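Chains: A, B and C, in written order; residue numbering restarts at 1 for each.
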Amino acid sequence: MSQDVYVAIEHVQGQVADISYVMLRAARELATRAGGGVVAILMGHQASGLAEAMAADRVIYFDHPALKEFTPEAYQRVLAGLIHDDSPRALLLGNTTIGSDVASVLSARLGIPLVSSCRTVSPDGKLVVQTCGGKIMAEVELAATTTLVTVIPGGYSPEEGKGAKAPEVVTRQAPALEGLRVRLSKYIEPEAGDVDISKESVLVAVGRGIQQEGNLELAEELAKALGGTVCASRPVVDQGWLPVSRLVGKSGKRVNPKLYLALGISGAPEHVEALTDSETIIAVNTDPAAPIFSVAKYGSTVDLFELVPVLTERIRGAKTS
Amino acid sequence: MNIVVVVKLVPDLVEELTVDASGTALDTSWLRRIINEFDDHAVEQGILLKERSGGQVTVLAPDVEGADDILFTAAAKGADRLLKLSGDFGSGVNNHALARALSTTIKDLKADLVLTGVQAHDDSDGPIGPLLAEFLGMAYLGYVAGLSVQEAKVTARKEYPGGLVAEMEVDLPAVLGIQASEKPPRYVAVSKVRQAMQTAKLESQAAPAWDMSGGLPVARMFQPEAASRATLIEGDAEAVSSRLVEILKEAGVL
Amino acid sequence: MSITTQPELTASAAFLDSLSSFADGERIRRCQQCGACSGACPYGYLMDFPPSRMITMLRADEFETLRACDTVWMCIACYACSRVCPIQIPLTSALMARAKEEALLAGNVPTELSQALENCQRYGNVLGQSPRKRADWAKDLSPAVRVLGKEAPSTDILWYVGDYGSYHPRLQAVSRALARIFQALGLDFAILGPDEVTDGDSQRLAGERGLFEMLAAKNGQALKRTKFNLIVTPDPHAYNALKHEYPALGISYPVSHHTEFLAARLDQLRPLLREPVKARVAYHDPCYLGRVNHVYDEPRALLSAIPGVELIEMPHTRETSLCCGGGGGGMWLDGFQWEKAHTRTSEWRVQEAVTAGAEVLAVACPYEPIRFEDAAKVVDGAGSLAVKDIAELLAESMGNPGGA
């Protein structure tokens, strides 16, 4: 068994998914302790260039037309063969629509252990995993043999998995990839209609405190500066200032953004129950007793009309610096 | 078409979850178990397929507290056969063990299509769907939200982030990990469930001894630190904005 | 079911037949098609089949059409129709409840409502909160509110708190106010705590008869385990269930609404009302206290006893009171009803209060503070209108703010 930690890179339509970089960072923790290196496993077709920004010691690249886009069985075959040949310390996959389709199959096929939903690696080298919607955490030690790990976002930022120097790419022969039982017919792009807020990573939410339709622009500017989308609680949608597709709440959508910035929202249970999956909630409300402050991580009682323009400027400044 | 739906029960997050005295497992004394939400979608998807193109739906669940009610509810929705896998669930059974035990039962059922939720929040050793597929020698596709059945294959819509969908073909027999049923799981009136309790039959099958290999033991289980009230940032608009920018950078948003 | 030589009943005929199992249900056959019900219905203009047209359709054997139509979910069970029917057909409790039941059984039910009903099934409360936390609102109160149980198996007054009073922050304030009043009166009172489940009355009227019976049975068991003389509740829906629906299920106890109970003790209460509450107060008659159960004077007597209160009436008053929109499932159909109506009865009522010059809208039902406060956010000129339960106003006058 080698002491290298392998990372199964995820990419869709020529874009490397952020989770790949998160995994490279997590792999670094494990590899350092194991005394091995971080090896990115890239499967694709004419795609070696995707490895450019990866913070890996080297890249093992498999090129095959059947690997142009992800299909579970193609990835399973390549990785099964790879693990069989190389016996790495560990193989990291994303806890995603790509990685999750592959990891458990590899575990059952190769008879090797799998630990899912790993968020970080602890100071003493244990896998820190999340369970029960984040309410409970657990620490698991790597097995003595090759261990499969699926990784969730949130523990490390993608930036930490990127490197200035493009790693060395070694091409290996892909196994036979005929007779796949799962085949990609086509991708269907999301409708060019309104945004699906339940899939957005940054949300700026407005409530009754926004007072008038004309003031929505403030929120839109802030959202634009953050690269996010405006959503709302009931009173705003009822007034017709935003479409129902932007409603967050019991009668609207559940959201799970990285950031939920609630402006002028009191925090009624019907609204709050739909945001509990948000990673960070920041609330702005002049009423310090507003229930929103019970679910928010950070808050301010400064009037949103004063705060938002200043905040938007600061954010724009931070992005250009 | 022979459809089998595998259902798991998971801890209800509405209740307080605490770690037991051993420090490595959940305290089960106050634990309420409910159907895994994604498995609820899998049941609905199975029933929808049956309503559209005929067939038989068998629902399989581990024989733990709460399973009976879930199975009778499935019958009230239109499931044809209800099967419980009985065994000692006391000290926790991981997905590898459950999948091994279930695959024997499912082989006997001669399923064309096995549906199960794409994940469950108490999964520690990966979701159960792909494990079932491998033990059954079937193909697997997860994150499915919508599918149609043709002769010997299924056309499935696989969800990717950002609203992107991949249309994929899967040869039957196969296991699909359901992300969302085509229609939200239907409501079943209490009177209908009560009726099902009178008319539907619960069958039971004993699980072979659990083989937990594939999962790893928990060294330590703990609750993350809870912040009960927001940290209020002091100062005027300028001061608050500065601090917020720092926070946003720490959060990886900026 | 019977073996007869008659032709099999059509679905419509079977439906009409099923109404006979309700008190006075057979009166539906005497409907004169006067249309008063549909005219009185606040959302009648939005329903494809308001009550009188529903009866027309049934007589025309069009049950399937009715069952597939979703506008039955605009009904808020406010009893406006039942009140004006010259034949006194039990339109709300029989026709509309059964129509909703059929729609529900056919899967024709908005997700908002079915979610709420599932919460009741699973957690015994419509908000989906942990049943173990039902009495948490009372935990840190001083003096403490007694929870009946092994240590305290009996009490004089059993206070049935209800879902919202137990779990919803806005209504917990009303619960705290009522606790202070009971304590100030030196009453021997206690609550059921986690053994209490939702009364089920609105669920019954939303078509879930089976769920109602299941919930009633649970409450019945909890009540049987304790000893008390009288149930007092601030919830007109629970009041209605306990008084009129539970007895048929073998659960029969004396029950009072908190306004009835306190009005009967006004002599003891009056000296405690020391602080003036200087405001023009309009009292809103809750549907299930007023129109359905004819309790009009006691709430007014309480309000008039508060020094500083100028009690005014709104144009819709007593038996013509305008529903807040929460009944018959309405509390859990807000999104659906908004999509159809783009207005709310609660907004009309708040507008009325504002036009009448009210500074405070006094209420006596747990649905109302939430619905009227939300409405006040969007009605012009209602920015400073306060919505308070009578208990909160009494507690204020006692010199206690009644809890934050």
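Quick notes on this one:
Keep this in mind: a contact is a pair of C-beta atoms (placed from the backbone, for glycine too) under 8 Å apart; a residue touches a chain by one contact, two chains touch by 3 or more.
Being a predicted model, the structure only gives us computed values, none of them experimental.
Of all chains, A has its CA centroid at the greatest distance from the CA centroid of subunit C. Chain centres defined as mean CA positions place B nearest to the mean of all protein CA atoms.
Subunit C has its Cα centroid 45 Å from the Cα centroid of subunit A.
One inter-chain figure worth recording: subunit B and subunit C are separated by 37 Å, centre to centre, where each centre is the mean of the chain's CA atoms. Centroids of subunit A and subunit B (each the mean of its C-alpha atoms) stand 21 Å apart. Multi-chain contact residues of subunit C, defined as those touching 2 or more other chains: 128.
Note for the complex: subunit C touches subunit A at residues 112, 115, 127-128, 168-169, 334-336, 338-339, 370, 374, 377-378, 404.
Residues 12-13, 17, 69, 71-73, 96-97, 100-105, 107-109, 111-117, 126, 129, 131-141, 143, 147-148, 150, 157-159, 181-191, 196, 199, 202, 226, 258-259, 279-283, 288, 293-302, 306-307, 310-311, 313-315, 318-319 of subunit A are the ones that touch subunit B when the two sit in their complex. Partner subunit A is touched in their complex by these residues of subunit B: 11, 13, 17, 19, 24, 26, 95-96, 99, 118-119, 121-131, 133-135, 139-143, 155, 157-171, 174, 177, 213-224, 227-233, 235-238, 240-242, 244-245, 247-249, 251-254.
Those residues of subunit A that touch subunit C in the shared complex are 208, 234-235, 238-239, 244, 247, 250-252, 268-269, 273, 289, 291. Of all residues in subunit C, those touching subunit B in their complex are 101, 104-105, 107, 109, 111, 114, 117-118, 121-123, 128-130, 132, 207-211, 213-214.
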